[in-house]
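Okay, so chain A shows up in both of these, paired with chain B first and chain C after.
For the complex of A and B:
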């Protein structure tokens, strides 16, 4: 589980930048493309030592990035297609190499793919730590160090590559560095968790964090947290269901993402729905207040019945809710079936109608819009004009007392 | 094709050849649309996302039949597409991340399911399921060939009937929508055919390599043509060729990988040697342009140096040409001009031939007319126009030169001191050597 957590955090850290740069699929691509690098490194060094594997991964990572870029730039292949072409071809080369030279050895493709945390060879230790844990810790530290040292550079080049160039450092270099880190991280995680978990951990925690916040530092921290949480949950679930740990961690992080999609305070689907609902309810309430005010204005003795008001508002359930809501809030009183503005309600309504008529006047006087075109926009914007804007409009209009329809603008 | 194979007695290798050929052809056709729509990686996603469907289908049916597993795979593939659409539509996650998320989590879930299937108490026999991940053409059954044939026919039928509509949606979705076409449905139909092909191909070449089969033939075909129907035909042809050829060349190697490598070598060859978009063709045309530019610069320099003594054509010392402007390889340029008959040269001098003088006159005229145009109509200072004219003179067509001349003459601004060529607006002697290209 520690190994899993270390991997997840290492991936989640750099994943943020992939997601922000809209290069998420590069994670997938690189984690597949490094296969031939691993095989060649293995063949040359004759061992599965950490250093040759890292070197192989870094070289192939750079190569893949370079090929993808140049195919896109010089041969005009669409960027997604060029990525797809390069990494699948690399992978195919890797598969052939595996089959030809190292079959039956350490490189079991299926194992690379699915990962097998269970099989983490704990007997094989370096510096007192199990080997996979040791490698992933190294990668974690490297990633962390690079991020801390080059934080500003990463940040600027992720959000505005051209600005980075004008400020005098190469965003291309940062791009290649990032890709190298991705490749090395992917390799370090292979023997422990499998490539699919790497892909998931590169993208999903970062995307989750992206739903939850707007600041890069916070995003990176949340992303790492999500990575850790996923490893704990996944480990536990895999233990409980007795199944593949890496797979379960992937599922866990997927679930976390789904939760963020639904319940993120600012960007979640639920909160958006709630916000929309609250907004429409407020609009309905304010429309109702303004309507009652206008009825009173025409003839002080008249008032609307609840049914009339509901039909005028569009008679949906929101209208019904708006009426009962207003009565409870003390904006209107109900005598029998008649709706009456309370003192508080009348003053609120007066401000709304004032906003409406000021805006209408403004549109006619300053934008020269025809009379019969100003009601609709004013009707929509009246809900968003606050006291300060009312004063400004008033000053702008030299304290006119009548709107273009000849009605009084209330104080 | 099926009939043919039956006649041949359906030996294993024949089956494999026919199957991979059919798959390659289909993948080429649907892949073309995917590549043009910027959805190359959707094939990759579908191939991964099919796994949980396969696991579930296996759990439910307890056996490996291609049809059953394919239905499961198709279902989870379609679910994956729907999920991506929902994520992109309703959250701030971008499409690339959405594809990655769906790909990895679906696949992770699939791995979990497979590891459950693997357990002895379920009694499952996982043999054959692995081939879904890594591909094993050798396992193909005759029944699988029929499935391939049916899917191929369906896809070709859809593409054939809806070619015009697909084309429209591919190149200009907004226009299609404004014309009242059901773009969403058409788009979904394209995706569904992609899904169908991906899923029948999975057990043959495996997950990653199926993604490659979608992209490679289409991307290869794109290098050869700008017309959609040709691209489809070419992509299908590349796919059909890659299947059997790869299987044949890669005996003893994993067949999926060798098919993909064959397709990849088609791609690399096209990148290098395709007639217009290929790298070699581009380098050649760039070289030719560069040579033409140097040639034109040389002739104009010779004109400028000879100008004071016209109409007699003077012999110019080589040194003066060197001083006039910077040259990268003057000797080579001069030799080419001699071959073209535009100059005569001795050891240390160069002289324009009458033919050379005429060419040089035209070039100088274009250059100076453009300079005048810039000065007169664009209000640029005379000492700033030389560079601009330097760049554009090579691209001015004759008609434009005539037009410029006419316009300047109409305005009475063409100083016809020498009937052919207006005098330079700036001091030629102080002209700074500019870069040759």
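For the complex of A and C:
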């Protein structure tokens, strides 16, 4: 589990910048493309030691990034297509090399995909730690260190690459550095967690964090937290369902993302629904207030019954809710079935009607709209006009006491 | 005689071998507001990007106070088009303005209290102090442009390049920007900006660069911004230039 968590955090950290630079698929692509690098490193060094593997990954990572860029720039292939061309080719070369030279050895394609976190406790140890944990910890430390030291450079080049370049922080250089980190991270995680988890962890925690906050530092922290949470949840679920750990961690992070989509306070679906609901309820309540005011204005002795009001508002449960809501808030009183404005309700209603009629006057005076076309727009906008705007309207208008239909504009 | 702030010498810029700017050659004295004017596709943005080393020059050179851009980058401020960045990026208004100070800091050093004070001062100058902690996606077009302007001020440069600062901003912001540009000029800075609205050229600028793939004219507005020169700038592309550019492009795949 520790290995999983370390991998997830390492990926989640740099993943933030992949997501923000709109290069999420680079993680997927790179994690496949480094395969030939691994094979060649293995063939040259004759071992599966950590250092040769990292070097192989870094070199191939740089090479593939360079090839994609050049293909895009000079051969005029669209950037997504050039990515597809380069990475599939590299991966295929890797597979061919594996089959040709190292068949039956350490590289097991299936293992590359789904990983073998289950076997971590039985792996040989380095410095007292199981090897996969040791390698992922190193990568985690490297990623963290690079981000801390080059925080401002990563930030500005991701936000505004051209400005960064003019300031002397070559965004190309930072792009290559980031790609190297991705390649090395992918490699370190290969044997333990498999490439699916790597790809997921490069993108999903960052995407989740992006939904939840609007500060870069907070986003990176949340992203790392999501990585850890996914590893704990995934480990536990895999134990419970007796299945592949890496697969379960990937599922877990997917679930966390779905939760964020639904419940993110600002951008989530649920909070949008709640906000929309509150807005419509407010519109209903204000329409009711204004309606009662107009009835009173025509004939002070008259008032509406609750049923009449509900029908005038268009019936429905929102209308019913708006009425009971207003009674509870003290905007209207109810005697028998008759609805009466309270003092507070009347003064609120007066401001609404004032907004409405000021706006109608404005539309006729300044935009030259015909009389029979101004009620609807005014009805929509009256809910959004505040005191400041009312004063501005008042200052702009010549006729301040009467609306274009000849009714009084209340003070 | 004021010092020469910006000089372009026989510059040609090409995209995929197809030249988009031909043999541009001019010098600008310091302390002027300079409008870069021309029709769509005239190469106005390219001129700025070439000056800043963002696109390679096919030939010629660009000098800022007599030295190459690489040596003088700390003297240069840049405001790209508003649409060129991702406004969903998780940073606040103050963060963006703070980025203006990164260039002077150089690699590895982090912004400290002094830089934050600079950022706050620049925000105040554009009237955005109240929104300092807002996330940038919540801003209106005019407010976004003001943030970019504050960031440019934080760069504390001698020569500024603005790419269409007036596009999509409200009248109040446009007036505020113009006022700021004038105060920059008053403190001896040189400002070049890509401008679309011919009506306001006389009102806003001292110098004008008329551009349409080649340099039509460059000089003080009074003598340069003439009907005759405007006719040349907007009177259609020179078909010969287009044909020559096309010929150079066509040659390439056959080599």
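Rule of thumb we're sticking to: the second predicted complex is superposed on the first by the 385 of 411 C-alpha atoms of A that agree within 3 Å, B and C clash if a C-alpha of one lies under 4 Å from a C-alpha of the other, contacts with A are read in each partner's own complex, and residues count from 1 in each chain.
The rule is short, and it goes like this: a contact is a pair of C-beta atoms (placed from the backbone, for glycine too) under 8 Å apart; a residue touches a chain by one contact, two chains touch by 3 or more.
Every value quoted in this text rests on a predicted model; they were computed, and no experiment measured them.
Clashing of chain B with chain C is the outcome of superposition onto chain A. In the superposed pair of complexes, A:270 makes contact with neither chain B nor chain C. After overlaying the two complexes on the shared chain, residue contacts for A:100 are found with chain B alone; chain C is out of touch. By the touch criterion defined above, A:241 reaches chain B but does not reach chain C. Looking at the shared chain after the overlay, A:214 reaches chain C, while chain B stays out of its contact range. Judged by the touch definition given at the top, the superposed model places A:81 against chain B, while chain C stays out of reach. Contacts of A:43 after superposition on the shared chain: neither chain B nor chain C is touched. Judged by the touch definition given at the top, the superposed model places A:250 against chain B, while chain C stays out of reach. In the superposed model, more residues of chain A are touched by B than by the other of chain B and chain C.
Aligning on the C-alpha atoms of chain A brings chain B into conflict with chain C at a single listed stretch, 379-387, out of 127-135, 163-171 or 379-387. Once the two complexes are overlaid on chain A, the chain A residues touched by chain B in the first and by chain C in the second are 22, 76, 210. If you check the complex, the residues on chain B that touch chain A are 35, 38-41, 43-44, 48, 87, 90-94, 96-101, 103-105, 107-112, 114-116, 119, 130, 133-134, 208-209, 211-212, 214-216, 218-219, 222-223, 250, 253-254, 256-258, 260-261, 264, 267, 271, 277-279, 282. Remark: chain A residues 19, 22-25, 27-28, 32, 71, 74-78, 80-85, 88-89, 91-93, 95-96, 99-100, 109-110, 113-115, 194, 196-197, 199-200, 202-204, 206-207, 210-211, 238, 241-244, 246-251, 253-254, 257, 261, 267, 269 touch chain B in the complex.
Of all the residues in chain A, the ones that touch chain C in their complex are 20, 22, 76, 149-153, 155-156, 158-160, 162-169, 210, 213-216, 218-219. Chain C meets chain A in the complex at residues 16, 49, 52-54, 73, 76, 78, 80, 84-86, 88-92, 95-96, 99, 102-103, 105-108, 110-111, 135, 137.
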